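There are two complexes below, and they share chain A, which is joined by chain B in the first and by chain C in the second.
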Partner chain A sequence: MSGLKRWQKDSAWAALALLLLLALPLLDPSRVVVDFIIRLCAVGLLATSLNMLVGYGGMVSFGHAMFFGSGAYAFSLMLQKTAVSVPVALLTAVVFCGLLAAVIGAICVRLKGIYFSFLTLAFQMLLHSIIITWTGLTGGDQGLTGGIPRPVFIGIDLSKTQHVYMFSCVLAVVCLLVMRLLMQSPFGYTLRMLRDNEDRAAFLGINAWRVRLYAFILAGMFAGVGGVIMALFVSGAFPDFSYWTMSGEAVFMIMMGGIHVFTGPVLGAALLQIFNDTITRNTQYHGLALGLVILLFTLGFQRGITDVFKGWRKWLPAANKGGH
Partner chain B sequence: MDLNALFECLGSMSCIVTQTSTGLIVGALLFLVAAGLTLIFGVLGVINFAHGSFYMLGAYVALSAYRITDNYALAAVAAGLGVGLFALVFERFFMRRVYKSDVLLQLLVCYAFILILDDVVKIVWGAEFQSMGMPKAFQQAPLFIGGGVVPVFYVYLMAAAGLIAGLLWFILTRTRAGKIIRAAAQNPGMTSALGLNTRLIYASVFAFGGLLAGLAGGLAAPVRSMSPGMGFSILIESFIVTVIGGMGSVSGALLGALLIGLIRSFGSIGFPLFVEGIMFLAMGLILVYKPSGLMGKGQS
Partner chain C sequence: MLSIDKLYKSFGGVSAISDVSMEFPEGSLSAVIGPNGAGKTTFFNLISGGLQPDSGEILLDGENMVGLSRNAIVHKGIGRAFQVAKLFKSLTVEESLRAALQSAFGHSAQMHGSFPLPATRDRAHEVMEQLGLQNKADTVSGNLSHGDQKLLDMALALVMQPKVLLLDEPVAGMGPDERSQMMDTVQQLWRKGGLTIVLIEHDMDIVFRVAQQIHVLSYGKLLAQGNAEEIRANPRVIEAYLGHAQENAGE
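After this line comes the complex of A and B, so read on.
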């Protein structure tokens, strides 16, 4: 397959997925499905952007939700405090996340393995405590409430759930497609090479620090878009968005879905969301139940669901081996 | 920011004494937790993300033991031994299976345990804040040193932490067990080839690290209020301590812990809202200028 064909194929898949998503409310207009998909758009972006670091870069960030939270806060604050339009607020939020990721990443990507994980976790807790203490701006542990104004732009009125749904779907699918193309680009392959053999990459003259930092910044920005969708959904932003449990869940989503298939994290996000919704309806001991499921996956299966399918596919004779 | 308050404090002897004693207490408890974390990392090469939960468990075990026996010393010992035993089980049945796996799996196993232990504590001891109260033996008039007020309990706590630090130093540098631990940290393959059971060494070090965290939780019980999830902030702080001191270095952990303790107590006067920020700033500076930490040996 040539590169050109591949990107056309990916775009076609994205267009098809978007079409299906937009048609879905026509089949089942219930609020449950719509809400589920909007949340999935947000969390799926968080998980997939994290997988750019974990699956493709071998950098296990345990603080990725800080960009999710930052995106939500920046977006909500822009709309609440200034009179800008929604696209401008979106853009500001994404740029803010990128700058934040540049500063934090410049320190973190020097480190490897578990050091990197812990340091990202620590920065996330710093950000979380800033959100909690800076009550005047962020509303403290109550969160940013009071709703966010949603001025109409090019005919899109985000005070209507229907429009939020379409907006979220378009945003999420476009972001996923861009991430996919990025990961199939020379940049994506450089990132994989750094994961697999850093010395070799260094011999080829690749600046590991810079490539990793770019990946960190990009991942932060896409997580920020996820945060924006979440902010639209809940009409505000809450400290929990950038709490460590959110990062932990994101890490589990990509592990459960599988880190070696591009859409694995989205599948993981969907599964975890279904699991969370079921659990919270039936018991107050959400952590206990989630913990046991995580242990089952990590110690029992030791790999994600799509990895299992990928393993099967290997045994099929004329399997189409795309991806990586 | 309130720099005037800070300078005013630094100008008065009583304030210096009070804040220093508070800082030393924070530092002493932090050292016990961080020492276990850094020891486990130094020998096994893994970071135990559930270490803060061990501390929490220690505090709750001490609470129950104290309510039953009414003896604080016994409660602290029970906390140490109980959590040490738990760490042994945790290592044997869970952690050991992911030593060779990806960091991702190690992280998730610990994450699962943080969630599970928080909920177990909620089920057994309740979700609301609890406190042990000061044991009767320590309910005495505080000491006055240079005009500053120092509770009697603080003196005992510092003595206990100092004793443990000394003991740790003695075990690691002067005994055969310490030699074996250091050998396993440096070259596990060779240690194993020489006929020493590295699996056993790993298990014992993990259990010992757990014991220290449990003991810290038990010792802290009279001066800290307890709630599920209390382990997480101390996990982050002890990580900062180990980064500042140097990963794998116990003496570095001591230095880092005292530094963080003092930053916390004096920082809370000068910059009450930015105390955590200063800790991170200290860590960031160390990481940029000396990535291996103050006492680290080049690992980064």
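After this line comes the complex of A and C, so read on.
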């Protein structure tokens, strides 16, 4: 081990990633790349926050997109209906997602396995129904249209795509770094203990409910930030953001990317987005083609791309040593 | 001192533990024995909070443990190892112990700082050395041999610095050499003093060799208690247990 501590290394990687992202438009200023990265920031946060639950906590939530949608709606509504600044709207949206996750999580995290999964799914459908039916506030199935006001703050003007790009990149990288540090913290390891053997963890004095609830709340808040970025990108919020298909996509992303490497879900998100974009462009049988790709991935890699690489890396030095 | 007073537990209409009272003085090494289905593991589950008794008291230094949750009871000082090792398969030996120690120190939900906390290092290494696991520190728990898994399981309970350590069949599934090694380890732990050890065991030789005090359960009732000689000579025990054990000695 070198002199650097793990958190310092992680922070250095994050800074490097951010620099590269911010420099990218200088190399290729095309709208396609910029749009791709902004969307990736949004769904990457959704997938990574879901993986805090699935990969680290063993809690397979089928309803995680409800926080993505909530973040988007809360942020857009704050800006549309009140005169607050963007940072305040962002903060309000994140706090709202946290509170929502606290209430829903307090009920869901008592349950394990498939029961947890289905209850999260049920809450998501409930939230989706509320969004659809509360037309006066949310615009119903039309979504929250009419654009969102973007008052300039500290020189940042989010009506400019370039500024949205930088804002999204900074938000996403900072959130990813914080999630990474959380997963390397004592709390992150307690979460792994609960995933591996909840029973044993309880006999070591760990309050499983409390730790799981914290994870659920945090994951909900980070998914909310993803929703905020998405709202900025599409200038509004739509019921699909918190529909089960969105949660399903997040599950695909982490399956494709791998759940045991922290950046796996972001890679999975990027892959799914690339497949999505190219397939929609080239065929009308979009669902069928995408389904085949996902099927190939699950059969071919099983544990996701990054996990396969991780497996190779482990295997190679062993082979070099001439082990049996 | 751990004392059990008039403990009752039944499942449906079947009484699993009935009117059981026992005392485990501080620093003693005792065994609870009995034929299969005598209620031994149920008894441990009741003490460690895995099950709630129907009635009765479980007093640790005078404080009643009944009604407390599993995690609360651990923090009071009752640790437990399992018949089938319950481990954190993806964590290494050292990580497992240091993660357990976080709980002992009340840092399980701490979100700042990096795992493992420096404060957990010394105790984890101390326990690994006590149990002879120091060479396996970086081995992933899931890849340990059966014997080492049992040791780690015990280490997990021990690292929490319990007052009372409950060992559910510490030598289950081990070969003869491993068995005596394991029991030497247990005795060494006990001789260091301060720790009250209660073990459930099928291997009668081991029980008679190590236990100061033996409590015999049969059909959920306390059949007899005493030292090895008293138990050996007790006709009711011979009838209920030893006869049975000798019949099965060839297993």
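Everything below uses one rule, namely that the second predicted complex is superposed on the first by the 311 of 324 C-alpha atoms of A that agree within 3 Å, B and C clash if a C-alpha of one lies under 4 Å from a C-alpha of the other, contacts with A are read in each partner's own complex, and residues count from 1 in each chain.
Rule of thumb we're sticking to: a residue touches a chain if its C-beta (ideal position, glycine included) is under 8 Å from a C-beta of that chain, and two chains touch if they have at least 3 such contacts.
Keep in mind it's a predicted model, so treat the numbers as computed, not measured.
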Chain A residues touched - chain C or chain B, whichever exceeds: B
Partner chain(s) touched by A:88 [first = chain B, second = chain C, both, neither]: neither
Which superposed partner A:248 touches (first chain B, second chain C, both, neither): first
Which superposed partner A:271 touches (first chain B, second chain C, both, neither): neither
Chain B versus chain C as contact partner of A:133, first or second or both or neither: first
Which of chain B and chain C A:102 touches, first, second, both or neither: neither
Contacts of A:60 with chain B and chain C, given as first, second, both or neither: first
First (chain B), second (chain C), both or neither touched by A:111: first
Contacts of A:6 with chain B and chain C, given as first, second, both or neither: second
Residue ranges of chain A touching chain C (in the complex, touch as defined): 5-7, 181-182, 184-190, 192-193, 195-197, 199-208, 210-211, 214
Interfacial residue positions of chain C with respect to chain A in the complex: 48, 50, 69-72, 74-75, 79-80, 82, 86-91, 95, 99-100, 102-104, 107-117, 156-157, 160
Contacting residues of chain B [partner chain A, same complex]: 46-47, 49, 94, 97-98, 101-109, 111-116, 118-120, 122-123, 232-233, 236, 239-240, 243, 247, 273, 276-277, 280, 283-284, 287-288, 291, 300
Complex contact set, residues of chain A against chain B: 54, 60, 62, 107, 110-111, 113-115, 117-119, 121-123, 125-126, 129-130, 133-134, 244-245, 248, 251-252, 255, 259, 285-288, 290-292, 294-295, 297-299, 302
